[in-house]
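Look at the two complexes coming up: subunit A is in both, with subunit B in one and subunit C in the other.
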Partner chain A sequence: MSDAKTRGPGPLASVKLFFTDRDKLEPAVITLLAAIFAILMGVGLIFVVSKDPVTSTKNFLLGPFLRTYNFYYLLVAMVPITFTGLALCIIYQLKYMSLIVDSSFYTGAIVATAIGVRLALPAGWHPAVAMLAAGLAGGLIGTLPAILKIKWRANELVSSLMFNYVFYFFGSFVILYFLRDRNQTILASMPFQKTFALPKLVENTQLHAGFIIAAVFVALVSIFLFRTKWGYQIRITGANPKFAAYAGIPVASVAIFAHFVSGFIGGIGGAVEMSGLYRAFIWQMNPSYAWDGVIVAMLARKNPKFVPVSAFFLAYMRVGADFMSRRGDVAFEFITLLQGIIILILASDKIANYFKARRLRRNAFAAEAALAAAPAGGVRSDGGGKGTAGAAGTGGKA
Partner chain B sequence: MIEFIAGVFASSNYWFIVLRSTAPILLVTLGAVITEQAGIKNMALEGSMLWAALTGVIVSAFTGSPWLGMMAGILASVTIALILGLFALKLDANAVLCGVALNLFSTGGTVFVLYSLTGDKGISSSLPSKIIPFIKIPFVETIPWIGKVISGQNLIVWLAAFAVVAIHFVLNKATIGRRIKATGENIEAAKAAGIDPVKVKFFTLIVSGILAGIAGCFLSMGYTSNFTSGIAAGRGYVANAAQVVAGGTAIGAIFASLIFGLTDAMATYLQNIGLPPELIQALPYLVTILGFIVVTLIRDRRESIRKRQLLEGKLPKGSLKPIAVGGSNGNGSLGGGAA
Partner chain C sequence: MDYLLRTEGLSKVYPNGTLANKQVDFAVAKGEILGLVGENGAGKSTLMKLLYGEESPSSGTIYLDGKPIGFSSSQDAIAAGIGMVHQHFMLVPSLSLAENLVLGQEPKKGKSSFFDLEKAVAITEELGEKYNLKVFARARVVDVSVSMRQKLEILKALYRGAKILILDEPTAVLTPQETDELFVELQALRSHGHTIIFISHKLNEIFKLCDRVSVMRDGRMIGTHQVADVDRQTISNEMVGREVLLSVRKDKAKAGEKVLVAKDLSYIDDFGIAALDHVSLALRKGEILGVVGVDGNGQSELVRILTGSARSLSGSVVVKGRDLTNQKPGALRRAGVAHIAEDRMTVGTALPASIEDNLMADRYFHPEYKGRAGFLKQAAMARAATEIVTTFDIRCKSAKQPVSSLSGGNMQKVVIGREFTADADILVIAQPTRGVDVGAIEFIHKRIIEMRDQGKAVLLVSSDLQEVMSMSDSLVVMNSGKIVAYFEDASATTDKELGLYMLGLKKQNPEEIGKVLHE
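Now for the complex of A and B:
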């Protein structure tokens, strides 16, 4: 604590600063309002379709906290969307739109499955090797849309969506033809080696060490984006590519590198999910965690620090919806519908900047009123005074 | 293998399937073309198709009329396009991100509605939905090979062909077409010329909504006879890729969507000779990406040759036409900086 005091503003001061700095507070308030609005809308939908809306609503809102098992399940559900959310934070900092993380995550899971089934490695090393291989595969895949965009100006979202289909079908081909367990009636890979499993954090729950790995990655990506040269280059390139190019930043390599890192994180996410949660590859469909990553990254406002919070929120909604749909007549998919609405709201600059625009408008009105009220000579000196004050303020900050 | 493919190309049945699977892609691609010409990317086409497919099935089941179903489906599809317009044009949201949001909204929303109505999440088979009629052409039917390809196609396949003509007319002959292109090419100049770009963009969004709506209804009321979850299967996304291949013209859209249609139809045949179906299912998407790359490559090369000729003064004076760049650089601006 004393160390923090000598170094500068402590955590309390930064919290205080957060609440007094309206440019930071207002977006947070809007984000919170969007989340609340989505939940209210969800409750509204439940009341429209459910025969027993009160129980369903209770299950939806309180389900994650009604049983300890559910709560641990919520924590487990945070893991994959934390990875994809972090991966998309990097992409969004770069102001790219690609969703290739979906392929990276899925292929990462496939690569991890292959290693988990085929290789014999000591415990501990086994999942680590799988994660590294999955990360590399995911990273390489991640660069594809960026390369297409830079070389041939192909829209990265469109190409990444095409790639997502290609890699999905390719992945299920690999499972079916090389790793399939023929004794199972459903599509499943052969069981993983025992050494492949990540340890459980709490016995008799699903909570696995992947939760800690995800937490570590939150810290790593925060440092990467805000404390390293690469992160700085990524953010500058995203903010203004022309300026970045003039400043000597190799924008093309930065974009490709950022996509590699993003895909790497996605690939590791897929591997962690496999070794933490499953005993064999049993996905019948692509879980498409990248689409959840979009909302996680947007709720976090592209800042990896806030990814755990938004991942918790999304996991809370999903676990609640899952609990409710198992015990009632409301389909789980209504959560996807709500996710779409939240993204729509958060994507709108006019809504996001509502308070700020109102404040600026008020200030402008006030200034205009002052102009009208004051005599001509007074205005000039007043305006001049303001100008110098502003200049001094920015000078001091810089 | 080559013999096999040659055999497939000779069979009338193959070309029948080609037309059938090209039609929905063609319709949405036209929708993507017209919005892109106005300078807005409609990534919500996938969602539009999903809602149209579901609404068409539900309304036709409850009214007993495929036509009412189709109209309702188109209305639903246009609504999605209008929501995109509302957020992207009025509330300053990133259009591409809105598209992503609306697609999520639609994949979840359609399953949610389907389940709430029928208790089934996968398929609408419990609803007695109607089918848009297939058209047998009296005399053409008897022509040996061609008859089998053309006759017996769904009405919407013909509608798709008609849509090409209509969109070609709108883009090239009508006043609104000039306005659309002006808006897409230079929004400030368009404004100076008295064009309201927001209105023009909304117009193109509505047109794309109608086209995607027809395509969506075809999927659930003609191509198949049910709504299944995720029935659009990425066609809305493919359309956005095909739009680039089409180079911003309605005629180009035919070729662009044929790439998908030919591979999609071939996939069903290749499956029969024992190639792994998973790899074959990936083929249409892979080919679309390749088409996408090849076309931009050719266009870039042509553009650079043109620039060089301009610099060397080799080009005759009258031929200084603007080069359509297709707007593939829609949202990010990094491509320019990198190049």
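Now for the complex of A and C:
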């Protein structure tokens, strides 16, 4: 009834709640352990392949913090994978498998480039307009695999991977034919207008305002998924689409809308990356942040609240590995192995629920023992705290 | 007495902390049919899953032939001669019956590793002959009746060499005739030396079939009796802890205006068969219209079309004067049609979602639950859900736990609880008491009558003939997708007469049938 009640606990209280609620804490601990385990494996690997393992290990583990530049770079690297991770949280809540956010992100970057190069707008407005346009383009693209699946039962994973090629080459075509800077030998667009750049958060670093925008989106997506009717519809449809339809939820529109929102976030991510980090479009290949988004969303257990943490972790490993590889004899690619390990651990429910199962078993037996110790007459232990006070009982005699 | 299978102090704690079996001592002798009864959530299925190696006990021991055993999976149990037919069928719908029977132990062509379908068919027919459980070996599972699927499940266990057969509520989905048939077959199995554990909520079945009966309540074994030495009242007292009223008491219906008129509905199923063949009927306020018929004669299709889950090829559905033909379920729900789906597992609930989310799925957008800008009032939703859990006695630890962790009967109560509180004027109810215990049946029946007396229109479809006959004010009988009889006064007919119509041996003339439209 009262507004305060319906809004739930405040931010501080919910942090406290999180650390006292073991159901929520334990998965987090296990995820953390998985991460630590992966890092330890990485260190082991370094010791196997490197001629100077101590320095390489130090560079890998501490590299991101040894140089200010590296640390800011880590924060910057979090931005795109936060956007794709959030986008994929929505898709995974719906229990779809589409990876179309790759197209949304890439096309978002292309749309932003076109606006950054061609339009003259006041500072502030310029990147905002670009983001909105990129978001809309990304959102519309995002709906395609969902529409194909609903209309013709086309597998959304396959169709989205196909679309990713289509939109990648379409984007390259647009740059090449309409936006290319002919004075450059590499493929690059003409430079963006000055007004297009997002402000830097810290002078002389790469850290840009996109970091804040990403943080805002983390909050927005959490609210969207867990507090609004749209999020509810998405979660129920994901849990059982037949049930959702039977209960009266318009499942087709829900799936398409969820894909639109997911693509919208991806598109904005692409635009933020362009206006925050670059002076022109210079990607020679598709950076494919969608795949990183898969890892981020999995580490976050489909929960947008944890996306920043997992994005930080992935970026930390990346920056460390990059720093190490440039100063030693271990190749950057070794982190793909670590990512594989993490995914394997997290994909196992049994590991994920280990602590919980153990604790609950202990609790239940303690309760049982207490019950047995209680004086006789306890045979008729109706309910024992379960919700059994029942109307079924009111019909009979007391 | 020497028992074939016995447990000592068996306990089971589920990962969510539910203590489903508490120190259970249970025993079954060779060659007997042992009944197992208890309320929904008493722990019957859990105990059977422990015996079948599907779940592992948290403590306690299982003895087979006097030797302690520890099954690590149902494979081990099958190897030891234990077979189980689950409360929810476990067949592959798109495969033939013969293929399902041999699945996992397929016969091969000669020395090759190719599957030999002909041999599988021969095995199925031979086995069916031997145990007098006849099935259509070549038909696909989707195409055959529930009772044939049941037989197949039993054959499957026998094919794997089961000497001990566990049947978890096998009759919940059968018609009375099919149940009788099953009993004859089970008694034949007993005379072959098989041992059978039989779970049911229907005490008359226990008394008809079983030698002994064990009663469970709240995870504990309360007692075991020779069926010959005990009466129903004792059993139901042990089960529920109070007397249960099984006869339905109701006043005469005061039928009001028509609120739903369905005309000329047709449906062709995936195999080109007219599952529904130009059916018309009307529902009136304050009246329960029962639909009887052998399962699979168009009842499901009728229900699905009336509730928007399937499209009719012809005709119209008019709800309170509004044409809602072939509209989506959402539109029909908004027009005041609630629907208890017969399949609670795949349609009626979202198993991985919480009880609360399941209870709110048809109403989350109502003003009580939806605030400004699409925000949900979560505290209000939680409160409403807890209230339904209490009213409908859904046995759970909290409304936040997933529906998949409930017992079969409690899942059914989730569906009932939602639809009965939907504030609808028209209730389309299919198999409301399938798998629920006697106490809950009494409660559900009382609520249906109550709602009728409040002026709601009810369409009641059930394969429990006794239930439809005692609950309904008027009746239609369906056969081969058509309505073949209409009785304005349900008490004016007998089950014998209905049987003739149900089997298609008798048919009223169109004029008499047409009276169901009240024109």
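In the analysis below, the second predicted complex is superposed on the first by the 330 of 398 C-alpha atoms of A that agree within 3 Å, B and C clash if a C-alpha of one lies under 4 Å from a C-alpha of the other, contacts with A are read in each partner's own complex, and residues count from 1 in each chain.
The criterion applied here is as follows: a residue touches a chain if its C-beta (ideal position, glycine included) is under 8 Å from a C-beta of that chain, and two chains touch if they have at least 3 such contacts.
Note that the structure is predicted; figures quoted are calculated from it, not measured.
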Touching partner for A:239 - first (subunit B), second (subunit C), both, neither:
second
Considering only touches as defined above, state whether A:365 meets subunit B (first), subunit C (second), both or neither.
second
Touching A:247, do we find subunit B (first), subunit C (second), both, or neither?
second
In the overlaid three-chain picture, which partner chain does A:230 touch, first (subunit B) or second (subunit C), both, or neither?
second
Which of subunit B and subunit C A:158 touches, first, second, both or neither
first
Touch check for A:334: first (subunit B), second (subunit C), both, or neither?
first
Subunit B and subunit C footprints on subunit A meet at residues 242, 244-245
Touch list for subunit B against partner subunit A, complex
41, 43, 83, 87, 90-94, 96-98, 100-109, 111-112, 115-116, 121, 234, 237-238, 240-241, 244, 276, 278-279, 281-282, 285-286, 288-289, 292-293, 296-297, 300, 328-339
Contacts from subunit C onto subunit A in the complex sit at residues 11, 13, 15-19, 22, 58-59, 218, 220, 240-245, 307, 309, 328-334, 339, 341, 346-353, 357-358, 360-362, 364-365, 370-371, 373-380, 386, 389-399, 439-440, 442-443, 446
Subunit B-touching residues of subunit A, taken from the complex the two chains share
45, 49, 94-97, 99, 148-150, 152-159, 161-163, 165-166, 168-170, 172-173, 176-177, 237, 241-242, 244-245, 251-252, 255, 291, 294, 329-331, 333-344, 347-351
Subunit A contacts subunit C in the complex at 1, 5-6, 8, 227-230, 232, 235-236, 239-240, 242-250, 353, 356-357, 360-361, 363-365, 367-368, 379-384, 386-393, 395-397
